[in-house]
């Protein structure tokens, strides 16, 4: 139950973070980079899960928010020589602003309409990145490693090209976002979000302005997506249109569903599993997206609760 | 020298109307409710009872007319803001959160009052919340099932849970939409006693089909028919009212 | 070429596009209207039709039999999808979307495996030029428009004159009522889904000599069909036709005078706004 087990919950999440911290010293370099990438993308999944798993809104347009963070960070570094910290902040802000704008327009719709509207806006955004390719370099994209200054802290320089820096940067950002999501779901706001998902009209008549809460969920979700896009750019230096495409909106849905919507650890698990599966599959065939399709169909038909959801229902009822 | 207390009526509607498409569900109703009443609204199906209270609680907006609460025009006020004023509505068909525990259901209601300001929204000391929740649960007698999933409760207990949620909101005016529907006789008796106990602090507005309950509980009865007010009076007056008898016995 | 020339070309292209788009989108519209679900894999049925047509064009029989084979084969695939997947998840709206997204990738990637990543052309079965003052125009494109129009009329006749059509319209209007009258809703659903896929497949097959067959061509078809259906109204044949022409024409005009990408951006935003502003939402009961 929510009010008890608080210590167990925080301890569990802290343990996971410590595990991730330690893993970098024992795994080979290839997996180091994989894990770093997974953690950066898991922030995206966490953001998506706030909206789907807690507020109950399925969007097909989150690539918009991810890419906003990516372009905000990438363009300011490339053209204006921004430092990493400022660029990251801008990335998160870009995600938040985009989510606010989209939310104000689209949240009057719900269910399937919301899904299609977000998909349409996201598609328009993607096409715009192609259309304005003098700025965005369109499909080809651009790299920022030339302009990216190392992080300076405590008198030492941390170059972004250093794998250890990439890993730990991802870990720090992921850790913060994970703890944020745990706290959110246990807070009064989180309770309201779940209520909105379960029965919106009832929640309204309990005194809550549900539209505001949905907007809040979307803004948090968009900010996290923007943070993910931003950190991904800092780590891998590449910015391109493909991250705004519809496939990139489908990925967080897939990761959240696989890991288990409405759970805090689901996003990490789903992202990790799927990233490895796709990686392995792409080594075997160029039609590797088949696993994406197959996983979606299998999940929705037989395992709608995902891995963590199943674990929670069967064994560990107090899992948030 | 004494203070002149301006006693404003608790609830008043003026020419309140609702039209759905071509259908006039509520026709220019002037409804008045005083503090401390247990008012029952009765009438045949389709008389407009639920529509009327839905407009009072803010669930739906009127086509025309006004709603005044404690002298203040709340016609344009959204449902959630009305809850803050003390107007609480419970649903005809139980509308609890089936997948959440009993505790969580009431907590959702209880925390509303406690979430004052930005900080209150972000954190809430557990013991304060627990105290408010348990108080409400105790009033309806559901304290020991706090950890159960609300959907697994028997129907009668689900109704009690609805009342507990309403109580956790500290209402001034509690609207009960057919609270005894679907309950067994012992449950109806228990609920009636509960309502009577509550009425000492809360004004009750009750939609009921069960005439025995109405006669037992109501201090005053309003009869609706075809969207309008047909008659008003004490239970005895209504029981013997010729028009009311025609509406219920005729057809 | 002069302005009138460009304009006439744009209008001509717009007309052809309009007819083909109407045919492509009609299936989606029927599925939306009768089954109340969103089929994200719809574009892939279009693509399958095109790819099957290409395969036929390499065989002794030639391209023409594909116009019969493609809809039958693709209709069969759709039937299986309905039976195996959609029925299982009970046509729940959001689950269906996730499932059809999955189907999209499955179909698309299987085609990639078998057919490959290349765009392959098919020679038109009839080749003649119509000469206008400003340019020569492909006669086959006009044939495509004509055939599409004929198929649209045929579908309309089925919907309005046959028992099947009656069942479909009844199920669309009021599902419970239709069931009460003995209509097997599951069978109607299976048929509608297959029919929708078949119509998309024929459109894909027809269009292949004009565009090339490529495993990604379904995405564009899907987007355009979505736009047409949302603007034209669900399940409405007339609405689909009108919207298809509107979209086809404006797409033609903007593409010729500005750029295809810009045309798509505008169309996409337009549809999002329509959906947001329409009070009935996606399935608002605004009549057919």
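The chains carry the letters A, B and C, assigned in the order they are written, with residues numbered from 1 in each.
One rule holds in what follows: contacts are C-beta pairs under 8 Å (C-beta built on N, C-alpha and C of every residue); 3 or more make two chains touch, one makes a residue touch a chain.
This structure is a prediction, so every number in the text was calculated from the model and none was measured.
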Under the touch criterion given at the top, what is the topological distance in steps from subunit A to subunit C? 1
From subunit C, which chain is the farthest off, judged by mean CA positions? B
Chain-centre distance (mean CA atoms) for subunit A and subunit C, in whole Å, is 34
As a quick test, compute the distance in whole Å between the mean CA positions of subunit A and subunit B. 43
Cα-centroid distance, subunit B relative to subunit C, in whole angstrom: 52
Multi-chain touching residues of subunit C, meaning two or more other chains, are none
Given the complex with subunit B, which residues does subunit A contribute to the contact? 1-3, 187-189, 191-192, 194-195, 198-199, 201-210
Complex contacts: residues of subunit B adjacent to subunit A: 57-59, 78-81, 83-84, 88-89, 91, 95-101, 103-104, 107-109, 111-112, 114-115, 120-124, 126, 130, 147, 165, 169
Going by the contact rule at the top, pick out the subunit C residues touching subunit A in the complex. 38, 85, 88-89, 93-95, 97-99, 101-110, 112-113, 117, 219, 223, 226, 230, 259, 261-262, 264-265, 268-269, 271-272, 275-276, 281-283
What does subunit A use to touch subunit C in their complex? 58, 60, 105-106, 108-113, 115-117, 120-121, 123-124, 127-128, 130-131, 246, 250, 253, 257, 285-290, 292-297, 299-301, 304
